[in-house]
Amino acid sequence: MATIGFIGLGNMGGPMAINLVKGGHSVKAFDLSDEAIQRVVSEGGSAAASAKEAVMDADFVVSMLPAGKHVQGLFVTGDDPLFEYVKDGALIIDSSTIDAATARQVADAAQARGISFIDAPVSGGVGGAVAGTLAFMVGASDAEFAKAKPVLDCMGKNIFHAGAHGAGQVAKACNNMLLAILMTGTSEALNMGMKNGLDPAVLSEIMKQSSGNNWALQVYNPVPGVMDGVPSSNDYQGGFQVDLMFKDLGLAMEMSQQSASPVPMGSQARALFNLHKVNGNGGLDFSSVLKLYQDQ
Amino acid sequence: MATIGFIGLGNMGGPMAINLVKGGHSVKAFDLSDEAIQRVVSEGGSAAASAKEAVMDADFVVSMLPAGKHVQGLFVTGDDPLFEYVKDGALIIDSSTIDAATARQVADAAQARGISFIDAPVSGGVGGAVAGTLAFMVGASDAEFAKAKPVLDCMGKNIFHAGAHGAGQVAKACNNMLLAILMTGTSEALNMGMKNGLDPAVLSEIMKQSSGNNWALQVYNPVPGVMDGVPSSNDYQGGFQVDLMFKDLGLAMEMSQQSASPVPMGSQARALFNLHKVNGNGGLDFSSVLKLYQDQ
Amino acid sequence: MATIGFIGLGNMGGPMAINLVKGGHSVKAFDLSDEAIQRVVSEGGSAAASAKEAVMDADFVVSMLPAGKHVQGLFVTGDDPLFEYVKDGALIIDSSTIDAATARQVADAAQARGISFIDAPVSGGVGGAVAGTLAFMVGASDAEFAKAKPVLDCMGKNIFHAGAHGAGQVAKACNNMLLAILMTGTSEALNMGMKNGLDPAVLSEIMKQSSGNNWALQVYNPVPGVMDGVPSSNDYQGGFQVDLMFKDLGLAMEMSQQSASPVPMGSQARALFNLHKVNGNGGLDFSSVLKLYQDQ
Amino acid sequence: MATIGFIGLGNMGGPMAINLVKGGHSVKAFDLSDEAIQRVVSEGGSAAASAKEAVMDADFVVSMLPAGKHVQGLFVTGDDPLFEYVKDGALIIDSSTIDAATARQVADAAQARGISFIDAPVSGGVGGAVAGTLAFMVGASDAEFAKAKPVLDCMGKNIFHAGAHGAGQVAKACNNMLLAILMTGTSEALNMGMKNGLDPAVLSEIMKQSSGNNWALQVYNPVPGVMDGVPSSNDYQGGFQVDLMFKDLGLAMEMSQQSASPVPMGSQARALFNLHKVNGNGGLDFSSVLKLYQDQ
């Protein structure tokens, strides 16, 4: 079993760290919130007084931070960059959702320093983090992936090797952009059907068994009452917030811009979530975008 | 077994009529093309000299025509409208893909005349028509649906009762609009991934097992070489042509306009297929829209 | 001075007919509303008991109707089509905003009958109709245009000869689609500037003097308080309603579909006005689309 | 007359520096290209051996750099930041087109250092730079604006005070986003008119005199042959390149994302220029986007 430093113990990071503890690892946990640290300690982890202390003796480091600038600052360019303290040969698994360019830059800096930094953003939400069923999309060399896999297995179910450094972030951005497209598209198709007299449950079933079939119809129907146990049937509470989807779409647009990859549908989805957000719905689950289409 | 008049024996209608013959029905076939009629006759159908002759003694009539104006003209408003010749109590199954408003008008006219007219557009393409595995989306009363079902079973596999008159056309328009959204969205996500270094097969697999999962990734991958036996791996030949998708998106826009249902994603998909079409790709399979995104 | 039959005396048609009276013409006015007829009579026109009576002795007929089906029905395909009663050599000026295809069909039917039918849709709103300053976009032969011009001069200021039959409707559709693009684009540029701290009056002035210059910035600023005497400074009352812009954008989409002309920006504008409309703003002036962008 | 350090002597910066020389100022010019420096020297400027030397004794500094990271690096965060060498009380005019957030950050750093940094991006292209007729959109305090104005007057014609620090960049981003919307919108309206038989010159004239009036119709018609002396009549050579418009739209999207300002039309325009760019047209004038719409 390994010694693992964990930095960033929020809604996602906290349960992930606990699952590492449950997996038998020695976890040194750090967060700016003491309360967040204590939740991990109460499950058997140990508290680190600083990010530096969390990583100093670790074989692995897992980080879960809000944006690329935090990742780059923490490890490389900040006042007291962690890359100066990490053990030779350590493997850093960054599960933050950040831009691929930054992920590649930090990976390059790691290589120069004699350590490994791989990008491994997740999907599956808070529920998946708690249940240990997250999907990881990993950008790493084959050797790094093989080394990280047992650690990731403690926290997730589907561990995808997307490609070289940065590829995990690329895959995440592509998938979430497509998800935004599926959800808006499904919402507007169902709404048009309903406005023309169809029962949304019937139309959902027809499209699910036809060429309109997609993830939203399968497990995340946006129309209240069609499906049990999904956010739409719970006033769009819980789930994946509009604000987070908007952030992810911003990353996708940045990737589009830097690589000159045309994304007319993704751009449209971002615009729609933006309109929905300025209507005051940023805190609702993203399937609430259906409301944007409905008569007010 | 029933006497069935069949009007419109093109790429879709021809095989459908033959499947009715194979189902044991007595089929009187009519088309403007003698050759098309002969293909049905050679399988055991009988030739009708006119549309009028095809329907006169029929218990059921199946029609497969290009657009709403043809349906309306043939049955109601033309020079020699068939509604004047159809037997009392006959059931007309219109499998044309037309606008829902016209479908409802013709159904109303039928009711006034003491007969039944239901909308039952199909999906599944020429392959499905030949194999008898089409999906039918039916707009009809419960009694009409029950009566039509055995006939439809000869030609298709999934027979959906979408709702009252017109509902079949509504469901078809919604589904195909969503399909266009899925295909463009999947194409641009895969293209952005590829431009950022990912293997399209790997990215397809990741998204298929994640929240980006949809019909295109499952059975109709737009990237040549990722999947066998699909149009993209055959120079985008066969399949469902761009021109037909563009026509269907036009029907969806008309429905959006008449019901004031917002369809920003569907509108975007229509615009993209239009750009793809003016590049000279109208005759290719619709998954070729991937080419619109790629560096030329 | 000519004898002119005028059919359709609504908000636009009424004042137009009165301006013909003021121009010295003998105007026989018909509308389904007696009240509307009386308003023209009180200015010196004469009442017609039916559309037929209005056109029988007329040298010119002016029509102002809601949609293509009304125009076609009234003149050609209805129960008692006016083309059977119009004098040989009469010139019919249709100022309705309808689809170009119908305009061309009716013009062809007129030619076969030995009369002239030209399309001459207007812009300029109710204000322009009252003031006699409308713009007319005319689809006609040179001879027809020359003959119609003196009549049109009584009702408008800018009389454009757009081209052959139908060209007036094409020009109107193109112009109004572009107008919708200008208004949405200007609204979102101003809104983004305001959200980033700029004074909308200052930003409007900068863009008006730069390459962002357009009609909305010049005479129809969508931000309340920037400009006097425009709908935005009057709670978006009066002006050109969202519902009418939505109708015109529907005509533009139909034209796009029939001619396979890509209109991604126009499609986007239609989608935005549709979202704005389902928010309950159909009766406001179209510059109110700014509200769609604003934090609620 | 003032001593002015000028950094960045490219297609835009070079002529701007020369206009300062012509205005009687003592200009110390620096660029990574010696050749670029010599062009200014040959007009009466003096060569600086480094950026540091250019700014050390300057009352004003003008910078013209590619992106925000260059500006921030040069003045604040680089290895040898210029803010350490600039005279107390100096005024730095940054005419680069960069993101507003960076402009504000550098302005804050300047204030902390006791100097002034204002954003003053330009529009008007190389022609305007040579002729001294650029438009400047300035983000500055009133005092800074007053102080900078005489210097800017040497290089431009319209000097706009957009607001506080960053406001110049905001105004530029809003204006250029709107410009992209006008150009794509005008192109598609003209293309649809042409596909429906209209003469583009006639339609341009009609829309210019109607509510479709905008900068593109006034001075930059995208249809070859309609207007003399514009890029469209010169094979889309010269003018403002697609690649630069794409860059500016990227800045607008970044601003939209950071301020959550919905820009569906601007997003659409960016997507269209991206599609046009991947067709190999990045080096053409941006009015060539018309080609995207045309039958190939």
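Note that the chains are named A, B, C and D in the order they appear, and that numbering of residues resets to 1 at the start of each chain.
FYI, a contact is a pair of C-beta atoms (placed from the backbone, for glycine too) under 8 Å apart; a residue touches a chain by one contact, two chains touch by 3 or more.
Labels paired with UniProt names: A, B, C, D = 3-hydroxyisobutyrate dehydrogenase.
From a predicted model like this one, the values you see are computed outputs, not experimental measurements.
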- Query: Which chain's C-alpha centroid is most distant from that of subunit A?
  - Reply: C
- Message: Can you check which chain pair, C-D or A-D, has more C-beta pairs in contact?
- Response: C-D
- Note on the structure: One copy, subunit A, sits on the other, subunit C, after a C-alpha rotation whose size in degrees, in steps of 5, is 180
- Item | Centre distance in Å when subunit A and subunit C are each reduced to the mean of their C-alpha atoms | 51
- Item | Inter-centroid spacing, subunit D versus subunit C (mean Cα positions, whole Å) | 39
- Query: Taking each chain's centre as its mean C-alpha position, how far apart are subunit A and subunit D in Å?
  - Reply: 37
- Message: Which positions in subunit C are in touch with at least two other chains?
- Response: 256, 260-264, 268, 271-272, 275, 278, 292-293
- Query: Once bound in the complex, which stretches of subunit D touch subunit C?
  - Reply: 100, 123, 135, 137, 158, 160-164, 166-167, 170-171, 173-179, 181-182, 184-186, 188-193, 195-199, 202-203, 205-207, 209-215, 218, 220, 252, 255-256, 259-266, 268-269, 271-272, 292-293
- Tell me, which parts of subunit C touch subunit A in their complex? 264, 268, 275, 278-280, 292-296
- Message: Touching residues of subunit A toward subunit D in the complex: what are they?
- Response: 246, 250, 253-254, 256-257, 260-264, 267-268, 270-272, 274-275, 277-278
